[in-house]
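Dumping the structure here so I can ask a few things about it.
Each chain gets a letter, A, B, C, D, E and F, in the order it is written, and its residues are counted from 1.
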Amino acid sequence: MRLVTAIVKPFKLDDVKNALTDLGVQGMTVSEVQGFGRQRGHTEVYRGAEYTVDFVPKARVEVVVDDADAERVVAAIVAAARTDRIGDGKVWVTPVESLTRIRTGERGSDAL
Amino acid sequence: MRLVTAIVKPFKLDDVKNALTDLGVQGMTVSEVQGFGRQRGHTEVYRGAEYTVDFVPKARVEVVVDDADAERVVAAIVAAARTDRIGDGKVWVTPVESLTRIRTGERGSDAL
Amino acid sequence: MRLVTAIVKPFKLDDVKNALTDLGVQGMTVSEVQGFGRQRGHTEVYRGAEYTVDFVPKARVEVVVDDADAERVVAAIVAAARTDRIGDGKVWVTPVESLTRIRTGERGSDAL
Amino acid sequence: MEIDAGNTAWVLTSAALVLFMTPGLAFFYGGMVRAKNVLGMLMQNVFAMGLVSVLWATVCFSLAFGDGGPLIGDLSLAGLKDLQNVTLPGYTGDFALTIPVLAFCAYQMMFAVITPALITGATADRLRFRGYATFVGLWVVLVYSPVAHWVFSPTGWLFERGALDFAGGTVVHVNAGVAALAVVLVVGRRRGWPREQMKPHSLPLTMLGTGILWFGWFGFNAGSALGANGLAAQAMVNTHLAAAAGMLGWLVAERWKDGHATTLGAASGAVAGLVAITPCAGFVGGLSPLAIGGLAGAVCFLAIQLKFRFGYDDSLDVVGVHLVGGILGSLLLAVFSDKAVNALGADGILNGGGGALLADQLVAVGATLVFSFVLSYLLAFGIERTIGLRVSADEEAEGLDMTQHAESAYAFSEVGSMGRVG
Amino acid sequence: MEIDAGNTAWVLTSAALVLFMTPGLAFFYGGMVRAKNVLGMLMQNVFAMGLVSVLWATVCFSLAFGDGGPLIGDLSLAGLKDLQNVTLPGYTGDFALTIPVLAFCAYQMMFAVITPALITGATADRLRFRGYATFVGLWVVLVYSPVAHWVFSPTGWLFERGALDFAGGTVVHVNAGVAALAVVLVVGRRRGWPREQMKPHSLPLTMLGTGILWFGWFGFNAGSALGANGLAAQAMVNTHLAAAAGMLGWLVAERWKDGHATTLGAASGAVAGLVAITPCAGFVGGLSPLAIGGLAGAVCFLAIQLKFRFGYDDSLDVVGVHLVGGILGSLLLAVFSDKAVNALGADGILNGGGGALLADQLVAVGATLVFSFVLSYLLAFGIERTIGLRVSADEEAEGLDMTQHAESAYAFSEVGSMGRVG
Amino acid sequence: MEIDAGNTAWVLTSAALVLFMTPGLAFFYGGMVRAKNVLGMLMQNVFAMGLVSVLWATVCFSLAFGDGGPLIGDLSLAGLKDLQNVTLPGYTGDFALTIPVLAFCAYQMMFAVITPALITGATADRLRFRGYATFVGLWVVLVYSPVAHWVFSPTGWLFERGALDFAGGTVVHVNAGVAALAVVLVVGRRRGWPREQMKPHSLPLTMLGTGILWFGWFGFNAGSALGANGLAAQAMVNTHLAAAAGMLGWLVAERWKDGHATTLGAASGAVAGLVAITPCAGFVGGLSPLAIGGLAGAVCFLAIQLKFRFGYDDSLDVVGVHLVGGILGSLLLAVFSDKAVNALGADGILNGGGGALLADQLVAVGATLVFSFVLSYLLAFGIERTIGLRVSADEEAEGLDMTQHAESAYAFSEVGSMGRVG
């Protein structure tokens, strides 16, 4: 199986979630992250002292999928998260050797 | 080596931690995540407006282990995190090419 | 490509970020995590009741890099995050099958 | 008539209580917005404490209580010129002050501060700071001061006509409520509303604001007796009971409609009750505050649903609570008013006063609605076209805190707040 | 005796201060619970401001201060029937009021509001809202009103007997504290207690509550002089010094036992000192408040450990602080009381008064303990068996905020609070 | 002269308001520090409410207002010995009290509490609790009490000389501000300052503190009239207008320098204006508070940049705001003072009083600066060398909350706060 990890803009998360459910993906795991990249951070001022924050809030989406679905999932995420502006994020795919559903102990695709 | 990643119910985290330490696992990394899946979210009401929250708080556990231990670790997590109710979560295993302990620079199993 | 994941002490994050940018790394993703390991947690007291907290706040850094750069990146992180005290953390490397830049759809190294 | 220390002590205390309401309002509203806009909200309210106070001392107090005609005061008191020795026009005979004019001026100043601040709830998350500042300054001079003169000053035309407003049902709540509607119509909806979820980022902060508002409202209403006497005590009892009944009224209504009694509902209902009792506080007695407050709680709960029906984004329900609650209270006063409670008042319908008072109340409410709506709309429109009153789409997405004030409200985690100085 | 404006100003101010204590208590408790239960806690307290106030106006004030016998008032004042012209039974001669009866009624109302609210700390995280609402309503009528009559009304049997309680040591603290114990015994422990960790989710919120409580307590105690005079000043000094000494007493005790002086300890000790000085505030002088407060701080710190010994889950230590502190203060009064401070009081043991006062205090404390415990237990038991007073295991795990009120307290991150409307 | 109930009501109210300022200060400062140090900050402030109050009752009140010479009082009033019957030295004739001495004692006690608390902002994030506690105790006895005697007591040498300080410009702000500088020089900078970013962890908490401080300051300044009269009203108006103008002054200055009007700037400017008006509140009139406050806002904004120039880590700008603002206000008083406002005052330069008052003010400021700086430095130095005043590098990195108090401020997520009960 494959693990698709995507870093997207937080306000795009809902679109990504919907795109994936439309594909029939049944579940995903999301977390809050801070991104560093071409998209610069911003500057804050407190009592005349300037603070530069290099990190930008992003959402991290993890989806375990069958090997066959990986490419479609990536494409769906790219399509849904895209704003054509710097900072849209990345998607990467890594191999998964086994997946287990805790509730039932099912393995592999059945655990999805 | 292997990286075992588990998504579990937050209140089960302590049990998982204890199960792993009983197995002799020396360390793990935990993070807060939001889960989407068969377990539905909930509805909130603010001044008469209904808000549907699709995500459920989960805990994400990462453990790097020797190849030999991966299966036992997965089994231990499944046993400890199980409540037999929807939303118990998943465990997946991915390959790790190298592990380094920052403090000493040790590699591989020695870094555990 | 490779995904380098590092668990470091939060106050070392800035140094790690700078070390990586010096190496020419253009981006990374950071998240807040709780670590469990040799470095023990601490004890809190509320109205005479002692609470033991086993987890220590850590920062998790993820960097996708070209295969060729993986080792140099790991070394740079180790050098930057090291304080020679228990709890400095770990770095591990996992294989990445594909990387896509959402904004442009570029794949592989071009997506970095 | 000479100064009474007891009355002065109570009015000074009340002035302090009313001042405290503006930060209270800031927290009440601030807790309801998203975390990226909370400082913008707090700033809009706190800034009113600065700008409005300066304008009050320089011109507004004189415009509101100076010796002009029935429509507006004059500039004779501008800059607080020797208030030690002056007697305010109309404040003679039954209305003679037993407190220093400066104490009265300070007390009224706090009303002028909080009234425009009330508007900020309706326009949450989308006002440009510079445009907002301009609006507030002009509004308090051109809208608040005249209306305060009409209703509060014994020389004002509505006061002389016999309209009653003990502590600001029309001057404060109807006035700010309808102005809020006008500004909302000019600046439009928040992007994503009503589809996108914009839930309160900190209800405990909102509850803090609620507690401060309830506490301060005793100064607002009971202080309007301008003395420490039976009338002040009556006003305090009425204020508290209306808040209590308002809470219960709202909770019952929402439990019946949505199946839940919510914390935010309890807070909102209490405020609705407080708004509605404001004009009535010193004119009614017995259990009427329970009727007035309870009705206000239920009616305002239903009223806030209208924005979805008609599609105006009254973000934190200023129209639904302050405009509707203010009108309701001003009219219910004509029902429950009782001369046995306040000889300077009038008898309402239930006490055999007939409809005379109701007519006066309708005139007062109507005049305030028209005048305030028209001027507020023109002001907002003019500012939007010149300085700009609404932020850009990007600024709105990034949030007011960052874009208007270069700050962020919270930094709980080391990781979240990394960066370097300079 | 006629109305004095200065006295009225002070009592009105004090009423406002006491009202402010209930939100203060809500934050004091709310900060100590887990984030999933904070709204449930705030709601329980704020709701008391609504329901209890309405009941007070309709029946309780009359039951407590109306013209009944030594055991309970009557309904002659129900609905606040023309309080302008009435003289309260017993409030003649030395006890004649110099303030409007309505001001006294408002002031006492705030006491009735906060007393049942105190109970919520003991039952944190596990009460069903509907059952709680029922309990509070019945409790204030059936338990609070009679006890207030016994002790506060000059026609009450404990008052006549000579028992002293300046501002509510028995009526408020012993009464609420023992009721808390009763309800805890009915509803049982939180799941996981004491094994599982349930640490405070926001100590700054708790410190805010502490600040508001300390501030409001001046109205609670010094306001009970019912005038602005030397006695009120003495009560204020005593109140402040007892809070200060309570803080130090607690900190010393915990530093000695656990090795740390904690922020929560400072807050808890101050409250313990304030509880203990409440009955004494207008009867003692000199440095006795330091002794009373300091003792209370240390003793209450030790007392809160008892719940672990005996296994009752007094979650936020209402029993350990209010019951123990209230009893301690009521009895120490018999030691430090001084007629030189208050001619209407009595001399305690240290001032040559012998044990007479101690006997009366023991009777007052004992009567309150028995009456309040029994009725509270029966009420809680009856409600648990009918409406249900405790939430289900799943509801408890998910938290009161979501299950009782369909709300969540905080939404700091966009990711955390995603979702769609409707 | 006999007790007046109205005056007493106002002074009791003011005492309560001033007490409330210390928690307010705690939140104002607490919001500005990092999340790992917020409890340490709150604790330092709240602890002053405990320790200083006990010392005030036992010795300090007597040292400040007892019958000594021009330099210091005596111990005749130590332990608040029968204050009912005493007349305070110097408080006769024009200065005769119309309130109970105990009310005056309570009121002054609150000033003694907040003054050392002001210092904690400068030394944020690095004081060892035990060392801090020792410092505060000694400081209030050895530094605060004498200075209060010099300036406030009619028998003090600066008072007799003719120096004016209505509510504590020198006694409170210059005194605490220069002491803060001394302690900072002893303990040194926070590790990482100024390179590392240490941004405020909760500006809403800071805004809460601001609201409470503004509210309480009415008690601080208007209460210093020691009565409810025209002077108190004047002081209240001046206080409010100076806060308002201070806010605007700061915002204009920072917008011009950094291009942004910030929420923290609004709060800081209001406090700067309040500090500067403190000595002047009861001596100036008309629009002078706008000039004094506006100047203070702009000047303090510039003053806080000095720490970067000179490299002292005045962490939360106590020197820049309280020392600079206090000196500024004390000297501007010599410009704007007006006998028409207060016959017991003097005419300043603008009112034809010439430079006489300026000379007295310079002496008062100078004497306070030298005395407080030297003693504070020696105290801090001695404690650092014995008990230890600064935490270790590791403790500083881990934070005061954990290392000094074994607590953590927030636990919003279940995951973040896992663990087992020890």
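FYI, a contact is a pair of C-beta atoms (placed from the backbone, for glycine too) under 8 Å apart; a residue touches a chain by one contact, two chains touch by 3 or more.
Fair warning: this is a prediction, and the values are worked out from it, not measured in the lab.
The minimal number of chain-to-chain contact steps leading from subunit A to subunit C is 1. Using the contact threshold fixed earlier, the set of chains in contact with both subunit A and subunit E is B, C, D, F. Subunit B and subunit C have Cα centroids lying 17 Å from one another. Between subunit C and subunit E the centroid-to-centroid distance comes to 51 Å (mean Cα coordinates, whole Å).
Centre-to-centre, using mean CA coordinates, subunit A is 45 Å away from subunit D.
Among the residues of subunit A, those touching two or more other chains are numbered 11, 17, 30-32, 34, 44-46, 49-51, 54-55, 94-95. Taken residue by residue, subunit E touches two or more other chains at 4-7, 9-10, 13, 194, 197, 199-200, 202, 208, 212, 228, 258, 260, 262, 264, 406-408, 410, 412-421, whereas all remaining positions touch fewer.
Taken as a graph of touching chains, this assembly is complete, with every chain in contact with every other.
On the subunit C side of its complex with subunit D, the touching residues are 10-11, 13-14, 17, 30-32, 57, 59. Contacts from subunit F toward subunit B in the complex involve residues 413-416, 418, 420.
Subunit B meets subunit C in the complex at residues 1, 3, 17, 26-32, 64, 94-103, 105, 111.
The touching residues of subunit D, counted against subunit F in their complex, run 3-10, 12-13, 15-16, 19-20, 22-24, 26-27, 30, 38-39, 42-43, 46-47, 49-54, 57-58, 79-81, 84, 99-100, 102-103, 105-106, 109, 129, 202, 205, 208, 212, 228, 401, 404-414, 417-421. In the complex of the two chains, the subunit F residues touching subunit C come out as 397, 402, 406-408, 415-422.
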